[in-house]
Amino acid sequence: MSFNTFGRVFRFTTWGESHGPAIGAVVDGCPPGIALSEGDVQPFLDRRRPGTSRFTTQRQEPDQVRILSGVFEGRTTGTPIALHIDNVDQRSKDYSEVALAYRPGHADYAYDAKYGFRDYRGGGRSSARETASRVAAGAVARAVIPEVTILAWVEAIGGDSIDYAAFDPAEIANNPFFCPDAEAAVRWETMVDDARKAGSSLGAVVACEAIGVPAGWGAPLYAKLDAELAAACMSINAVKGVEIGDGFAAAALTGEQNADPMHPGNDGPIFTANHAGGIAGGIATGQPVTLRVAFKPTSSILTPMPTITRDGAATELRTKGRHDPCVGIRGVPVVEAMVALVLADQKLLHRAQCGGGDR
Amino acid sequence: MSFNTFGRVFRFTTWGESHGPAIGAVVDGCPPGIALSEGDVQPFLDRRRPGTSRFTTQRQEPDQVRILSGVFEGRTTGTPIALHIDNVDQRSKDYSEVALAYRPGHADYAYDAKYGFRDYRGGGRSSARETASRVAAGAVARAVIPEVTILAWVEAIGGDSIDYAAFDPAEIANNPFFCPDAEAAVRWETMVDDARKAGSSLGAVVACEAIGVPAGWGAPLYAKLDAELAAACMSINAVKGVEIGDGFAAAALTGEQNADPMHPGNDGPIFTANHAGGIAGGIATGQPVTLRVAFKPTSSILTPMPTITRDGAATELRTKGRHDPCVGIRGVPVVEAMVALVLADQKLLHRAQCGGGDR
Amino acid sequence: MSFNTFGRVFRFTTWGESHGPAIGAVVDGCPPGIALSEGDVQPFLDRRRPGTSRFTTQRQEPDQVRILSGVFEGRTTGTPIALHIDNVDQRSKDYSEVALAYRPGHADYAYDAKYGFRDYRGGGRSSARETASRVAAGAVARAVIPEVTILAWVEAIGGDSIDYAAFDPAEIANNPFFCPDAEAAVRWETMVDDARKAGSSLGAVVACEAIGVPAGWGAPLYAKLDAELAAACMSINAVKGVEIGDGFAAAALTGEQNADPMHPGNDGPIFTANHAGGIAGGIATGQPVTLRVAFKPTSSILTPMPTITRDGAATELRTKGRHDPCVGIRGVPVVEAMVALVLADQKLLHRAQCGGGDR
Amino acid sequence: MSFNTFGRVFRFTTWGESHGPAIGAVVDGCPPGIALSEGDVQPFLDRRRPGTSRFTTQRQEPDQVRILSGVFEGRTTGTPIALHIDNVDQRSKDYSEVALAYRPGHADYAYDAKYGFRDYRGGGRSSARETASRVAAGAVARAVIPEVTILAWVEAIGGDSIDYAAFDPAEIANNPFFCPDAEAAVRWETMVDDARKAGSSLGAVVACEAIGVPAGWGAPLYAKLDAELAAACMSINAVKGVEIGDGFAAAALTGEQNADPMHPGNDGPIFTANHAGGIAGGIATGQPVTLRVAFKPTSSILTPMPTITRDGAATELRTKGRHDPCVGIRGVPVVEAMVALVLADQKLLHRAQCGGGDR
């Protein structure tokens, strides 16, 4: 099966291929009466948009979103919200090479193994172009959870990490890397430029924090908040790892080192640490929800790699064409969107079972 | 909501609290005609069973499983399989302390924040005792995927990793740590003993490999094989991170370093590397599916920690009673079970859409 | 697939065969803090219990329910509620005839066609015994919707209908037919007795009314209140038709005849007719929700019927053993349970999207 | 919640309002490799298209469908199929009356009660215009089940039934009523014309038969084939009742009268009756699957009816504008589509659990 819907009660379904006429999402279950217009969605798409710097793919897509349903007189009606984005720059090129042979590291072989057949143009459905639909849906999700602030950034590229002592959220919008450390951004400029010119690529780590998630959101046991976040982020193209709070580092700690002590506070408990990343037993504790996401380097590289043809013969392939030298960079708005989508769903789930704030 | 069901078409639902009369699982969607008896399930429960060495909790539970439905004359009928495990050793103790104050790092506070109320006996529903139900269900899943071999082990405890040069799968059953490196097992004996005696605890990393997963299993885009594995593992108690293949390490690589070249083979392509962990675009490639799971140290420690009471007053709590000094150890059969459950589901999903092997 | 779970956010899963050791249900998503004990469930099971008059099967089942999880100190905790009913009177008989040949009108042939194999003892999973689990789950659902009163009754047996002029709800509990018309009950006694003695069986129509359903419950478009009710009732054994409001009679009316005019009222609009059965556009209007359910005559009859063996040979079969001469009678508590289960689900769904009463 | 998705593994999601810019559906889970083009979908939309005779609404919609994704080189790829239909004839009219008062029998009041707010233009989301999306999706479903032939027709209008002795399937396409009895079609012409001129409306019964459904399709217990058909049909606008096989008539029969005897046949059993409508225990028996669906008369009538305003004041409303005098007529292609959608889902479900024909 090909489950292209995510969410339990606040759900979205995406459709579309990289080189089809359009892509889009249908958001279902959105509460009624929420102010929403294309102007609320477009800024998020603009953040993710390709072709805005030399550090991303040069494909030129305006990514203009249209809302085709579910909004009336500026407010959501409670019916499905159809978000539509035309594909504009599907460059007419010769795909015969990709059609006949499998690009290593790409989904080409796996799609053929599954479906016996694939839309090879620009990766078809497996292209990261699909994430534009997620970002559009995520903008709707944000409108559902005004109590929450979500912020993501690139923490490391090619193993070179930011210095958290220099962390400045205002800096994130000041460079093409979503980098909160101005010095690191300078270093990355050189690194990514070098990779780009060499036809190589780099991996990255994206970090994300959601502030304002009320204690109690989360749906144990198999829709735990952390499990849903893990699924949401792992479903993003090129992601190979997800951590909540201290993640793998916690596995090297003792119970004393990993403790998050609680103290009385006026507005819920005050925690003096947050190793847990704001989630215990799959339920939010009221602390910031923190996570980290590992993006592998873009598989498309100019170095020829051994591979096989559809007929099973040996060949070599170097992936020409437009691509991101570091796909993790544009992962930042996508991670934010997925976190928003999970939280909107969990908010409504919590309200269903526990009656929301009016218990 | 409290979604206690996992899976799309091969689904299981678990129920039960740590100190209730019993726990169990209902497995729905199992294909008919598969040989199954309690004898096929019990060995997996025995591997996870508490109280078998001094390195796990001393609670004595026989974990005898009964199959109450869905099997007739030794074969599955295609109807729900009810798996029932009586709780035997719910030690009658004084819970007044835990009832009134929140154990730091536990789900106590979050459950109260969500439900306004909780079964505080032994952690209630948030207890790792629930994982016995998963292991039982996982045994059914294994019967659905005889083509796949799943093996997990502890890779590191408290930051001390095995040496993969010394990896010996036969060793895993020879020590109480599911450790494939005999020398590491000796070191861990001291480490875990020390932690236990000090009333402390240690984190751990569990690694898992599934061999024989056919190329093509996986359900893009929001039930990708890796996304489902991430959700399945993150839903296990104490898990804080999941990696597929190289995971976070891939984020520090270049595209050339991370490539998995393909060569012609008699039985599908031969890959000369497996950085991707056997999954591309959310679909299995036919290589071994590899993952790593981070377990935090058990939150229950004897060192008093600041916390608050249900009424919001400051207090201190040291968690007495029986617990695992390293909860990751018994995570090994649970990770295996969750991987089996995901793969059984994906097998049936693939058959639904693509007709299985008979395309 | 064999989907043994019903519901979207208030969900239940049933398991068990007619002649297995036990049957049961797991109710998931129940709000926390609701008073619930076995004493709240047992009376509903007692109403459905077999063997209480000569007009139902003579199988003697005490149907004692046990709550194995999800309730603590007399209140629901928000975690899954496991309901367990032991089978006691699985009469040890010779099933060789049923094992080898298909009873006409029963699910025997269809189960074999689907699964290649079946538990033939007492109909196995296809037996109406499963409806005891529904009734138990329905009792939990009722506790979730205290604002709603649900009442069902038998409207007709073998084509002989009650006289609604003589409708007396108090009468329903006064006879073994759930009949609200005392005179009809007398007639039915003879009719059902005759059928029973002749080894024949009779069909029946069950009517149901739910009062107090708030305007606004209902989830358009594919979980419309009426669509969910239709699915819920059609899933009951022997049901062949479902009507909402005037149902098929409405198809013979004009728009003027079928109109439900609205007038101002102090507490919502006053409707001067209810042809619609309290549902418009799939959403409750605040009027009583009314439905009718058609039960076919029990397929088990003593008259020999031509059929085939598992090997495809011609044979004849008369269905001996214990059975209900009119399965629709005991359908009354089952229909009530299914209506309660749908409404509890819709209440929580409405609260999820629209915030319940606090909009 | 507003669940606008139907199906378990072959799923479709619809979106769009009567007077929005477009409507559409996303079909997910379609098997790959199936020949599909817009030319396969358009004929079904043309059958349902409004404005083609004086017996349907005069709204002129070309209902040209575009496939925006999921098809490549003339074959389905296994990824979501986006079907897009532009709204063309959203007549710009004065909606102030409908905006302020509730049309009796329509969903106006219920939508306001649920959402606090509604798109009142042409009924918004509650309009039968949405069924165009279903018909488009249904055309895809048909391509998935080539072994099945689905045929629906109008059996009665305003209580006047066809004569089954005169049943001629070829006649169905020969009149604007989908009527298989040429004489009845003549009578209905007068009846519907009279109703139309009087500003009145008529109810109708639609019957449907699916031939070629293999024995074994069906997913007990809560996705039984008949339960899914009931939900699917009851979700159609104006439907108030659904029957499988003999339906309510079976409730007046004895077991002997209702029996479907089986005899040996070369290609499965031969049944000498089909009271059950081809379904036993929720599973297809291989006989024709038969159902009947009751459509109420269109609620829009010219006779003024008492109603209330949004502010709760008394008023009267006569529903002007374009509408179908008998909404059941155009229900024929919609019923066929819903049956096709259920069967495609059940086919894949059966394949998932039981491996399809290759068991």
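Brief remarks on what is shown
A, B, C and D are the chain letters, set down in written order, and residue numbers restart from 1 in every chain.
The rule we apply is simple: a residue touches a chain if its C-beta (ideal position, glycine included) is under 8 Å from a C-beta of that chain, and two chains touch if they have at least 3 such contacts.
For clarity, every value in this text was computed on a predicted model and none was experimentally measured.
Across the two interfaces under comparison, A-D and A-C, the one joined by more C-beta contacts turns out to be A-D. Using mean Cα coordinates as chain centres, the one most removed from chain D is B. Put simply, the C-alpha centre of chain C and that of chain D have 26 angstrom between them. The distance from the centre of chain A to the centre of chain C, each centre being the mean of the chain's C-alpha atoms, comes to 45 Å.
Annotation: 38 Å between the Cα-based centres of chain A and chain D. For chain D, the set of residues that touch two or more other chains comprises 1-5, 8-9, 14, 29, 32, 78-79, 114-116, 125, 220, 348-349, 352-354, 359. Residues 1-5, 9, 11, 13-17, 20-24, 26, 28-29, 32-33, 66, 68-70, 72, 75, 77-82, 114-119, 124-125, 348 of chain B are the ones touching chain C in the complex.
Here chain A touches chain C in the complex through residues 8-9, 29-32, 78-79, 220, 348-349, 351-356, 358, going by the rule given at the top. Looking at the complex, you find that chain B touches chain A at residues 1-6, 8-9, 14, 102, 104-107, 109-111, 113-116, 125-126, 130, 156, 158-159, 195, 200-205, 214-224, 226-235, 237, 239-248, 250-264, 269, 272, 275-277, 279-286, 292, 294-301, 303, 305-308, 312-314, 328, 349-350, 352-354, 359.
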